[in-house]
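Here the chain labels run A, B, C and D in written order, and each chain numbers its own residues starting at 1.
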Amino acid sequence: MTNQPLADNPNTSGQEWDPKILVFACQYCTYAGADLAGLSRLQYPTTTRVIRVPCSGRTNPQFVIRAFQKGFDGVLVAGCHPGDCHFATGNYFTRRRYLLMTRLMEFVGMDPRRFRVCWISGSEGPKFQQVVTELTDAIRPLGPNQKLRDIEPSVIGGISR
Amino acid sequence: MRKIAKTRIDDVLRALAPRYDLYVPVEGATTMRTPTATLWQEGLENASRFRLYEEGLPLYWRTNTGLSPKDLFFPQTEKMYTAISQGKTVEIKEESTNAWPIILFGVRSCDIASIDCMDRVFLQKGYEDTYYKNRRQRTLIFALGCSTHEDTCFCTSMGIDPKASPTADVQISDLGDAFGFTAQSPSGQQILASIDSLMSDAYTAQPVSPDPMLINVNLEGVTEKLETMFDHPLWDELSPRCIGCGTCTFLCPTCYCFDINHKSPTHAHIVKQRSWDSCMFVDYTCMAGGHNPRPSKTERVRNRFLDKLLYNRQRHGRVFCVGCGRCVSKCPVSLEIATVIQKIQAAEVTP
Amino acid sequence: MNENIIQVPDKSGISKIMREIAGDLLRQQTISLVIGWEKGILPNKSAPAFITQSQDAEKLIFDEYCYHNLTKYLLQRKGSGLKTAIFVKGCDSRSLVGLIQDNQIAREDICIIGISCPGLMEERNIVIPAKKCEICYTSVPVEYDFLIDCPETKTANDEPGGSYAHRELPRVENMTLDQRNIYWQKMFENCIRCYACRNTCPVCSCKECCFDQANPTWLGKGNSTSDNGFYHLVRAMHVAGRCVGCGECERVCPMNLPVMLLNNKLSLSIEELFDEPPASLSLDVTATLNHFKPDDPEEFM
Amino acid sequence: MKKVGVFVCHCGTNISQTVNCEHLAEVAKDMPGVVFSTEYKYMCSDPGQTMIKKAIEEHNLDRVVVAACSPRMHEATFRKCLSGTDLNPYLLEIANIREQCSWVHSDKNKATAKAEDLISMSVAKALKNESLTPSVIPIHKRALVIGGGIAGIQAALDIADTGYQVDLLEREPSIGGKMAQIDKTFPTMDCSACILTPKMVDASQHPNITIIASSEVEKVEGYVGNFDVTIRRKATCVDPIKCTGCGLCSQKCPAKTDSEFECGMSKRPAIYSPFPQAIPNIPIIDQTACRYFQTGKCKICQRICTADAINFEDQDELVTIRYGAIVVATGYALYDHRDKYGEYGYGQYTDVITGLDFERLVNASGPTMGKIKRPSDGQEPKTVVFIKCVGSRDATKGHEYCSRACCMYTAKHATMVRDKIKDSQAIVFYMDIRTPGKNYEEFYLRAVEEYGVTYVRGRVSRIYMENGKLIIQGEDTILGTQVIVEADMVVLATAMEAQPDATEFARKLGITFDQNNFFNEAHPKLRPVETFAAGIYLAGACQGPKDIPDTVAQAGAAAAKVVALLSKDEMTTEPIIADVNINRCSGCGFCVPVCPYKAISLKTLTERVHGSVAWGPTGREVTRQVAEVNKGLCQGCGACTVNCRASALDLLGFTNEQILAEVDAL
C-alpha cells in the first residue's frame, strides 16, 4: 500500500473498499480514547490512521486540506470536550475555527460526510470506535474522494496530448 | 483568397477537428467541459483562452484572448519525468512524446509575434528545449487578422501589423460577414485544399481595418537609452506602485521564465515538473542560502523592464513586447509597459 | 460642525480639495508622503500616486476608476516612524482600521483623508457600477482625520447582511453539492496563481506568506487544480473574520474569478454563527478567530 | 543523509498475534531513510533497549522509530534509552501498533498493512525530527500561600519548616478562616479553636513565615520559579508596627455594626479584631462603619491610642514580590439559601439558621456564651430540626455536587443539641447518609444510638409559622408518609461553594476552574494538588468541598510539591514548546490572545533593511515588533501555531513539517 502511488486506489466496486480516514487526535483526550479503545479491544476499520497532536488547537485546517489533497477519503479532527481541554482553552478556538471550516468546505462542494469534528475524551474508547466506524460507513457509499485531490497529471492548460 | 461566411465557421472547425488537435479561442464563460457547464454561463465570465475544439463551445472572435496561447507550448505546469522508488532502487519514467498534428486556430498577430519570441528562446539559442519543441514543431498556425481592438492594444507601436502575420501557415482575414483564408506555407496550402469545398472565392474582398489604437508609444531609441539607465532614479519612482504579483508576467505572451520543482504524491514517488515563475515574485532570485540579489521591488521592477526592452534585444535580437495590451488591461495598479516606455522616453539622462 | 470635514458640492469637486489638503500637508513638512490616485494611460484608467513634493499634488485626482485600495502601501513605511497621509474611500478605511488592529501600522503615523465615496464604475463598461460597490458596507470612512464629504455618497447595502451580497452568493449556495464542486473546480482550474489577489489584499499583511515558504512546503510552485484549491481555501481561512470586503481581490484577478465569494461566504457565516459585526468597523473590536465564547454554537458533539 | 533505525516490538503476543512483525521489519528496510530494522519480543525490556543502543552504535543511526505500544505508555522509556546513547532523546518516534492496531483489528493482513503505514508515517516524521534541549530557568526560593485558613496555615508551616521563606496572604484582618468560627470538630469533638490557634501562633512566630493580612492579590505575572505577584495591602488605618494590641480602641469605639465572625448574631465596633485570638492581633478600622469616615467627626480611637498607631490617612499600597511557587488556599463560601429556597422561608424566619450560625450559637465564646438559644427570642429550643443538602445535590436550586462535610457536621450538631438540652428532640431530614471517613460511621451511629437523634429520610417540602412555632412539612420516604413536625429552630446544612470571586481570581493567576467555579487540579487522580499552570498548587476547599482532615492532608501535599520545586536551584522545562522564526513574524500579535498561559508577548526589534525602497524609511533602519515565547510559561499546546498565518510560530516536536510529513507518508 505504502509504495503504491495513490492514484491506484481501489475503486468503489466490490465490498472490500474501506475509505481511508485520517484522524487528528489530541494526545490528552482523543488519542487516549483511541488507546482505551485498544485496551478494550474494540474493533474498528483498519483504514483508520491517527496523527497525534498535542491539542486539537494544534490542528491547522491546512493539514485537513492537505489530507484530502493526498488522497484521504475522510478526515476527523477530534479533541477534548469544550471545557475539558488540557490546555484550558485550545478546543474553544478549534471549535470556532472549524465551525467556519466546515461551512467553507461544504461551500466548495466537499461532502460534509467526509469531514467531521468531534469531541472524544480519554474515557470514551467506545465513542472513538463508534465515530470512526460511522465515518467509514458514511463515506463508503460516496466512493473515493476526488474533490481537492491532487490527481496526476498535474498539467493545466497546454497541449493535452 | 477563399472565404466562408462567419456563421458557417463551425463547418471548417468540424472538418479539421478529427484530423488535428484543434485549438480555438473560447470565451471564459463555458470553458468547463462538463454536462453542467451551463450553470456557469449566467455568472461571472472568466478570461477567454485557447481550448481544444469541441462542438458547442462559445468561440471568441472579437479580439485577442485574455490568456495568451503561450501555455499551449509552454504550459504553466509541465510534468518532466517521474521517479518511483522501489525498495532501494529508483526508476525514472520519462514523459512520452507525441506526433499528432496541432492547429492553433485564430491567433492574433501580436501572439504570433510572441511565438516568434518564444521560438528564439527555446529553439534558436543553440539549445533546443525538447518539451517546447515537441509541441511547437507539430503545430500549424492559423492567424486571424484584427478588425477591431481593445482600448489597451498597442501592437502597431511595436511594429506589428494587426491584419497580417507572414509567418503563419494560414492567414485568416476578417471580411465583415465572412472569414477569408490565404495559405502562406505548403502545409497551409494542403490543409486549405482539403477543406476547399466548404469555401467560395473572395477575389475582391478587403479585410476590415481596425480603428487607430488609443495607446501609442514610441519605441525608438528606448533600448539605447536604457543602456545608460541602470541606476536611474526612474526605477525608484516607478517601483513603489508594484504589488509584486505575477499578473504581468503570467499574462505576457513573451515571458518565458520557469522554475523546476517537484511534488511527491507519495513519499516513494516524485514528479519532476517545471512551472511558470515570475521575476516579480520576492523569491524569484532567492538563493539557497537565503541571499537575494534583487531584495527590493526597485531591482525587480527595473529588471523586468530592462529584460523586456534591453536584455532580450541584446540576447535574442528583438524587444520582447508585442503590444498585446494584456498587462495594460490587467495590471492591478497600472504599472504596465506602455506607461513605462512613455516614462523612459520622458526621463532625463545625463550622459 | 467639524472643521476637518470639508463639504464639496458634487463629486467633480473632490479632486480639487484633495490637492489642497495634500499640498498643505506636504508644505507643513510633518508628512513626507501622500498616497492617492492619478490619471492613468487611458481615460478609464486611474493609478496609485505617491506624492512627496507639494507641487506634485496637482497630479491627484478622484474619479470613478479609483478602485485601488491604497492602504497596503503603508506597509512599505512600516516601522520607519515616518508620517504618511493617505486617501481612503469608505471600504478602504475599514482595511486601514484592520491594519492598525493587526499591529502593522501605528495610528499616529497616519493622516487619514477620507472621501465619502460617490461610487465607482466598471472599467470595461463605463455605465455599470463596479462589482466591489455591490458589497459596499459603508461609503463614508469609519476612521479619518479629514473628510471630504460628497453629497452624492450612497451606500449600496447599509442594512445588516447587505455587505455579504456578492452577486454569486445566493446562486452558489442554492446549488447542489456536485454543482458547487464543479463551480469551484472550474475556478481552481482557471486560477493561474499570480497571487494578485493576495498581494493586493490589505489584510494579507504577513511579512512572508506561508505559500512562499520552502519549509514547510505548504504549496509548491507548480500549478494544479488541487493546489490552487488549497491556496484559495487557506487564504479564505486566513482572512476569515478580518476580510473588510473591499473587493480588491476580485477586481485584480486577471482570470475574472469570483475570488471574493469565499470571503463573503465566511463573513456571512461569522455573522450567523457568532453574531459578530463585519470586521474592522472600529478600532476596538477583536478579530473573530482571536477570541471565543464558551457558549459558541456546538455542532461537534 | 539521515539514518533511521526501525525497531518492531512483538509485545509478547499482544502485537504479533494480529500483526506480522517479521514482515514489518523486512519491509521497513525499504522505507526511505531506513538503514536498519529489526524485531524483538519485548522492545521495552532490558535486552530490547540494549538492542536499540547497540544498533545505534553499530549502524550510526541518527533517528529511531520504535513500533510498539502507545507513546503514552513507553515514549518516556525509549527516550530515556536514547539519552543513554549519543542521540538526543527527541530523535525518537513511536509507531503505535498495539493500542491503535493489533488490539483493534483481527484481520492479520489488513492489520499488518496498517502497521506498515503507521511505521512509514513515523519514519517520515522521524526524518524531520530535530534534537531538542530542555531550557533551564532559575527558581526563586520563596513561596506565596494565598488564603490564611487551615489549608493555607498548614501549607505555610510545612513549607517554612523545610527552611524556605513563605508569605501567607489573607484578605481578612486575621488568619484562621472558617475553622476559627467552628466550635467542635467531628468525629473527635475536639475544640476547633484549641487545635487551630496553636497553629496560628506557630505560623505567626515562625521565622520563615511572614503573614500579610488585610491584603489581596492584585496581579500575577511571570511563570514557574519566577512569579511576580503584586499585592494590594488594604488601608487598615492602624500601624501594625506601632500597635501594641491592647484593645482599648475597640472598647471605646462608639460605632457598632454586625459582627461577620459571629454571623451577624452580635455586634462589633468599627475598629476591631475579628475575634480574641486573632493573628495578627492588630485591629483595623472598618471604614464603612467608622463614625469618622462616615461623618467626619469622632477620632476617639486616635485620641486614646497611647502608641499613636491610628492613621486615618492610610492608603491602599501595592507591593510586588517575586515567588518561586504559589499555593492557592482560598477556601470556600457558603451557599446562600435565602434567595432560592422559598419553601424554607427565604430567610424571613429568624429561627431558620445555617450550620455555621449554629457553630457560633454553641461556641462558648459566641454570642450566647455557648448556650443554645434561638435567635428570635433567646429561648432554649426544645425541638430542633436539621435539613441536609440545602443547595447540594440539587441541580435546580443549587449545586449538583455533594458538599461532603454536611452529613458529619449535622450529626455533630444534633448530638450537641441532645447533649446540651436535656429534654430536647433533634430530628434530621436527609437524602442519604454519607460517612466515608475514619470513625465517621461510628460517629453517626453514636448520634442515633447513644444520643437518640431521629433521622427521617426525605426532603422537607415546606416550612411555615403557626402559633409561634415553625411547622416543618416533609415526607418520610421509607415509611411513605407525610411528616409534619413542630419545631423551635431549624438548622440548614447549606452547601459549600466556590468563593464568589473565584473565576476572576483564577484568571488573574492563569489557572482554570470547573463548571462549579472550583479550581481545576491538573489530574483528578494523579496530580490532585497541581494546576495546569506550573508552579501553582491547590490546597483545601478552593479545589472542591472538603472536610478539615482532607484539607490538611492536601495542604501538606501541596507544600511537598512546593518544597520539591524550591529545593532545586533551577529547573528544566519540557522542550516541546512554541518557537518563533522572527524573520517571518510580522508582529500581528494574533498568537498573543490564543495562548492560555500568557506565554507570548511582543518585543521590538531594530534592524536594517536591504535593498532600496523609494520614499521608504530613511537611514534604512526600521523598528518592528515580533512575537517572543516565554519558555517557562509555554506548555506546548500549539494553538498559536495555527493562528499564525505565516507559520512564523511552530511547535517543536510537532512542527508543521513533521505533521505534513506524516500526512504525506500515506
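FYI, a residue touches a chain if its C-beta (ideal position, glycine included) is under 8 Å from a C-beta of that chain, and two chains touch if they have at least 3 such contacts.
This structure is a prediction, so every number in the text was calculated from the model and none was measured.
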Most centrally placed chain - per-chain CA mean versus overall CA mean: A
Pair exhibiting more inter-chain C-beta contacts, B-D or B-C: B-C
Distance between the centres, which are taken as Cα means, of subunit D and subunit B, whole angstrom: 69
Gap in Å, rounded to a whole number, between the CA centres of subunit C and subunit B: 31
Between subunit C and subunit A, distance of the C-alpha-averaged centres to the nearest whole Å: 35
Distance from the mean Cα position of subunit D to that of subunit C, given in whole angstrom: 48
For subunit B, residues contacting two or more additional chains: 67, 76-77, 85-86, 240, 263, 266, 268, 273
Multi-chain contact residues (two or more partners), subunit A: 2-3, 61, 66, 70-71, 83, 89, 93, 97, 150, 154, 156
Shared interface positions of subunit D, touching two or more other chains: 30, 120, 594, 613-615, 643, 656, 660, 664-666
Touch-based graph of the chains, sorted into line, ring, star, complete or other: complete
Residues of subunit A defined as touching subunit C within the complex: 61-62, 65-66, 69, 82-83, 89, 92-93, 95-111, 116-119, 147-151, 154, 156
In the complex, subunit A residues that touch subunit B: 2-7, 70-71, 150, 152-161
Residue ranges of subunit B in contact with subunit C within the complex: 28, 31-32, 34, 36-37, 39-40, 42-47, 66-67, 76-77, 151-152, 214-215, 240-241, 243-247, 249-251, 259, 261-263, 273, 275-278, 281-283, 326, 328, 330, 332-336, 338-339, 342
Footprint of subunit A on subunit B - complex, ascending: 21, 23, 49, 52, 67, 71-79, 84-86, 98, 100, 102, 135, 263, 265-266, 268-269, 271, 273
Residues of subunit D defined as touching subunit C within the complex: 583-590, 593-594, 602, 613-618, 622-625, 643, 645-648, 655-657, 660
